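Before anything else, here is the set of structures, which you'll find just below.
Paired with chain B in one complex and with chain C in the other, chain A is shared by the two complexes that follow.
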Partner chain A sequence: MPAASPTKQPHEPRTRRPFRTGGGGRPAHRGAPRRGRPVFTTRRGLTIAAFMAPAALFVAVFTYYPMIAGSQMAFRNWKLSDLTDKSFVGLQNFRDVFADPAWGTVLSNTAVWVVASIVPQLVIGFALALWLRRRFRFRGLYQALIFFPWAISGFLIGILFRWMFNSEFGVVNDLLQRAGIIDEPVTWLADPDTAMAAVIVANVWYGVTFFAIMILAALQSVPDELYEAAALDGAGKVRTLFQITIPYIRTTLALTVLLRIIWIFNFPDLIFGMTGGGPNNETHIVTTWMIQITQQGDYGRASAIGLLIVASLLVFAVFFLLATREKSEKKSAKKGERS
Partner chain B sequence: MRRTTAALALGTAATMIATGCSAVSGGDDGTVTLNMVESLTNPTRTDLLDDLIADFEEQNPKIDVNLISPPTEQADQKLQQMLQSGTGVDVLEVRDITVGPWSTNGWLYDMKKDLKGWDGWQAMTENTVSAAEDSGGRTYYVPYGFYGLSLFYRTDLIEEAGFDKPPATWDELLEQASAVHDPGERRYGYAFRGAANANSNVTAVVGAYVADKIDPANAFKVKDGSTIFAAPEAQDAVETYFRLYEQASPDSSVSWGYPEMVEGFSNGSTAFLLQDPEVIAAVRESQAISEEQWSTAPLLTGPSGKTVQPLATAGWGVADAGEHKAEAVKLVKFLSQGEASLTFTKENSLVPTQKSAAEDEFYTSGPWATYVTMTEHPETYLNVTQPRGVAWWTEWEQKADADVQKVLLGKMTPKELLAEWDAYWTEKWAKEK
Partner chain C sequence: MTGKETAAGRAVKFAFLGLWLVFTVFPLYWIIVTSLKAPGDIFAFPIAYWPETFSLENYSELFSKADFGTYLANSLIVATVAGATATAISMLSAYVLARFEFRTKSALLMAALVTQMIPAFIALGPLYLLMTDLRLVDNRLGLILVYVAVCIPFCTVMLRGFFENVPDALEEAAMIDGLSHFGALFRVLLPVMRPGIVAAFIFNFVNCWNELFLSVTLMNSDSNKTVPTALNGFISSFNIDWGSMSAAAVLTILPTMVLFAFASRHIVQGLTSGAVKG
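And then the complex of A and B:
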């Protein structure tokens, strides 16, 4: 390829193109921003299309096609036990979902699962990030250790915690008993309430990492001058945190929380490994419930649940983004007035 | 230049798609390649299958076998997708719980005619021959072995508690397990199954209590056509069984599934365990208990002195869409008889399909002897078939497991459980007609 451009000179700025620019023969200034837009000739368009084709095709075949095929399953009698009758059933699958006596429990469990997981994850993750930001001996090692859980599969974590919370042979009861906190072993996974608490503890342990990573990265972008100025103005630690650190990394925080909410919502692995949704189906969240129905071979009903999940997450994401954006825009508008 | 690049890009895309979609088929020299897909995959078993396949290929130089081993958890779903697409499968592992739906969808080939007059049948146990045929007389798979329950027990613990032999009935089990049980000392009587598959042990105990009038072709029915759950004996059965939880099992066994049960027995804390033969290997590896401290006993009987053996099974079948059926059947035959079959059941801890196993040292001694005893006394250990092939089997298991947990959590009585189960099956069977 390089041989094809004999006119190219070593220190020519980038504006001198791989692409023909719209500015015609206007001379390019050294270091000047690129002027004009590349003209889309048919030929160039085709080249671009050709380069994009493989990726686009793969995405179409492996992402969009299954999605669309999956969505139409939701409106059909699509049961693996008998695929000879895949007739259209309208909204029947959705009605079945709503009529299921377990649906209410599943929904409230999902809410508890998401909220009770995200809050401690955020708080502990934030604290860890603040702590890891300081320089101390072996900081790199500590960072690696703290980020380690993120590299483990959710299902595996589920199995590990299933053993840790095992009432008779698990380490959790053993420690609590040795510490004198409990007398009798707690039947963690055998009681629906404690089972939910146990899966949430496991999830918090797992998710703290991601918050720590993201917030630490954001913290490193806060200029030290701000802290110096705050210190000169006599701001204490708490005030610095709430008036400098948090406002400065607000966008990262909001996006991380949004991402995590979606991921926690869509994170059946841990619950599946740990309790399988039991006892008595009382630790199921929407996604584990969907898997359970897939196992029954009822792909129609499972797809209906899948569509409901996608729809509710979409609505949620839009509202969340609007809400957080409005706040930061108002803030910057205010700042503008002040200056 | 650009044109060349564009052509190259398109070409690459086309190649990638084409290679992704083409199926591996036979070579030019008349060699046939069979794709074989297993379902209950585990690494040791895959190695074992590879060895057996190598023997087969040596005997049949014109046939190549390509073994595909998806991870167990997704294997059946993968298989379904492959079968649905109609390519890529010739020989496959069919389970008693998948044969129903898969044959309904027309994905399995009926080997009945191909296996007519096959000498392999003579060498097989009665169980195997009857399990190879479905209710319509079709042969969709030849069983490679059986999973069946026996009682694992601690010889030393029951002796300490004053018993000179293992329990033979469910009542005796309750008595012995309760005597051993001492949670303060972290010693438990019985490894109760409360989580995944909890229903299977409840149906086993109900079956034992109604053994006298059970329908062998459908072990959820008694001979008059009603469900076993409606029989008066069933009430005693579940009450005894749930008493086993209250009096002799760890509280948390509501959430005990396979791993906890096996761990409880092999770490030496639990005296009794009802499990499949594959556990023998796991217990033998235990550091906590030695060979002299445990043994196995036959399945527990009901008050009539009889019980039922609901054997779960799986085997090798042929895909209907496969192009090389004759070769595929040949492979199924090879795996289902003689040394290949015996090796497979031995190394995979399965109840054997070959009659000759009864004389095999491996099966006549130690913990395996129990299985031979049960096979040799079909009048006490009745061979029955549970309706595991019905379309709603998974739905049933999920529902039944939740119901068992409801009883354990005190949210349902054993009586209500039986009424629920009776209603469930009566309704399903009525709809089927």
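And then the complex of A and C:
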């Protein structure tokens, strides 16, 4: 079989592999008939094209076309309110975005939203994964129960927490008052100082499971011999954690965090349901802001923000790909070892 | 971790796990309890953690005052058709990406990855204009087409991971027996892969069922609204009716939770292996 994925070639020598683990870059195999059957290359090409066509068509028309066609709107005066004047305005839309007094708030909110959400998600998710690594009774049930927030949309989670953080009839105030932590009800979502904290609590609630699952999967790849050796050497739990476990799963950790940063950055749903960006724009992040401006009908300015989002995501994507490259090399090396 | 667990260590562990479980489950408990209180009791003090009398009034109001049955039907139709179509299309592309080697393969995978990094709502405006040109605004078919496109990339990556777990000796045998690639896919691979395909469909269904921004943008008339769009209408009004709202939230969450419970193992597998592979 030509150019199979690495899993199917257990005896391959452990050399540095190209990033594309497939055979795309190996001319000797390109176009070679599969499994020694006499198949014409053109026929093979047609099969590939026919199987790929529906997916490619849908994504091209409904995802890529609006994205690419829309980017020129960023340089035009494109407002739903006045469609007669769609003139080219250069960078005016970008200037408008930056000139908006709310923009600074939106940017700093975005930074707070991403950082303050991801740190607790990572720490709690890591702790859960460590504690779930060893079997105990009802572990499967436990995992299923903490898995369930995933089934709920971000928007509905926003609504759930909006109700719990309600200043008059909310359960959060009631619980905190019963516990004696606060004396008076707090107007969580109406107060600029507490609204951001409240949406972040909701986001942490939602995101921990993802980290727990990814890290648990990574932990199960750590060979037991490493732990045994560490125990023989008299290493304590903390030392084992920092000198064995974390270094071993470093790449997965980095990847998970990067993926999550992109994802949280792109996650307006929860804020949209919980505060709608209020009070006074204090919980707007870049993506909710863009959606609000789209809904106001200013497609030019919304596209300008969209391009800014894409540009910043590209920077992250480069990091992501660099990390993936390292990972796929490691993975194939590991597979070689096992055989 | 390996090594002996001390009694104190176990106590800390289970205390933490227990606390997290309570924290995780409580919001769901709370919305269900709220929805089952009589409308007046929701705003009564002190707040009751277990209602004295249960009532289904919030639910009946939801269907009499608001047209919630229509929204549910719309969501069900759109999510089922879009989810199934996306799964079928993704099966073809995933099969090719798992079993063939060709020059543009990595470019195609990259194109799929990009759609995952750049969210669909980035092009809401242009998409609205495109759908206007196609006369598909405020039309369930239009929303279905858009959802299919949104689901395909991740679904393809996920199914590709499942295909790669199936040994290709299976199709080889089938093709020696004279079946085409298409025939091998449908007669031999599909039955073997059924759990993975069901999981992929459920994942698509739940994503479409939950989707908000595209449907808010594309569906205007009340009779075409999906559930999230309707909920968005509920919170946009000045005074939120939390009785109906909580009932609506429960009815929206429950189906997806049941479906996820069925497919969670496969979805986890797809996410932990397929997603990172990109």
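By definition in this document, the second predicted complex is superposed on the first by the 269 of 339 C-alpha atoms of A that agree within 3 Å, B and C clash if a C-alpha of one lies under 4 Å from a C-alpha of the other, contacts with A are read in each partner's own complex, and residues count from 1 in each chain.
Going forward, a contact is a pair of C-beta atoms (placed from the backbone, for glycine too) under 8 Å apart; a residue touches a chain by one contact, two chains touch by 3 or more.
The structure displayed is predicted, hence computed values, not measured ones.
> Could you classify chain B and chain C on chain A, in the superposed arrangement, as clash or fit?
The answer is clash.
> Looking only at contacts as defined up top, I'd like to know whether chain B or chain C touches more of chain A.
Ranking chain B and chain C by residues of chain A touched puts C first.
> Contacts for A:160 in the overlay, against chain B (first) and chain C (second): which applies, first, second, both or neither?
Once the two structures are laid over each other on A, A:160 reaches chain C alone.
> Let me test your reading of the model: by the given contact rule, A:292 touches which partner, first (chain B), second (chain C), both or neither?
A:292: touches chain B, not chain C.
> Check whether A:266 is in contact with chain B, with chain C, with both or with neither, and answer first, second, both or neither.
Second partner only, chain C.
> Look at A:250 in the shared chain and tell me whether it touches chain B only, chain C only, both, or neither; answer first, second, both or neither.
Neither: A:250 stays clear of chain B and chain C.
> In the superposed arrangement, does A:148 touch chain B (first), chain C (second), both or neither?
second
> With both complexes superposed on chain A, which partner does A:86 reach: first (chain B), second (chain C), both or neither?
neither
> Name the contact category of A:169: first (chain B only), second (chain C only), both, or neither.
After superposition on chain A, A:169 lies in contact with both partners, chain B and chain C.
> State whether A:51 touches chain B only (first), chain C only (second), both chains, or neither.
Both partners, chain B and chain C.
> From the options 92-100, 110-118, 128-136 or 146-154, pick the one stretch of chain C whose C-alpha atoms clash with chain B.
Stretch clashing with the third chain: 128-136.
> Shared contact residues on chain A, chain B side and chain C side combined as an intersection?
On chain A, the residues that contact chain B in one structure and chain C in the other are 44, 47, 51, 54, 58, 61, 166, 168-169, 276, 295.
> Could you please specify the touching residues of chain B with respect to chain A in the complex?
Answer in residue numbers: 1-2, 5-7, 9-10, 12-13, 16-17, 80, 84, 100-101, 104-106, 186, 188, 194-196, 250-255, 257, 260, 263-264, 267, 269, 391-392, 394-395, 398, 401-402, 405-406, 408-409, 411.
> Please name which positions on chain A make contact with chain B in the complex.
Against chain B, chain A makes touches at 4, 43-44, 46-47, 50-51, 53-54, 57-58, 61, 79-84, 166-169, 185, 187-192, 195, 275-276, 278-281, 292, 295-298.
> Can you check the complex and tell me which residues of chain C touch chain A?
Per the touch definition, chain C meets chain A at residues 1-3, 5, 13, 16-17, 20-21, 23-25, 27-28, 30-31, 34, 42-43, 46-47, 89-90, 92-93, 95-96, 100-103, 105-106, 108, 111-112, 114-115, 117-127, 129-130, 145-146, 148-150, 152-153, 156, 164, 168, 172, 175, 181, 206, 209-213, 217, 228, 231-232, 235, 242, 245-246, 249, 252-253, 256-257, 259-261, 264, 268, 271-272, 275-276, 278.
> So in the complex, which bits of chain A are touching chain C?
Spelled out, the residues of chain A in touch with chain C are 1-3, 5, 7, 20, 22-24, 29-30, 34-35, 37, 44-45, 47-48, 51-52, 54-56, 58-59, 61-67, 69-70, 73, 78, 124, 127-128, 130-134, 142, 144-157, 159-164, 166, 168-169, 171, 174, 205, 208-209, 213-214, 217, 224, 227-228, 231, 237, 240-241, 245, 252, 255, 259, 262, 266, 268-269, 272-273, 276, 287, 290-291, 294-295, 299, 302-303, 306, 309-310, 313, 316-317, 320, 324, 327.
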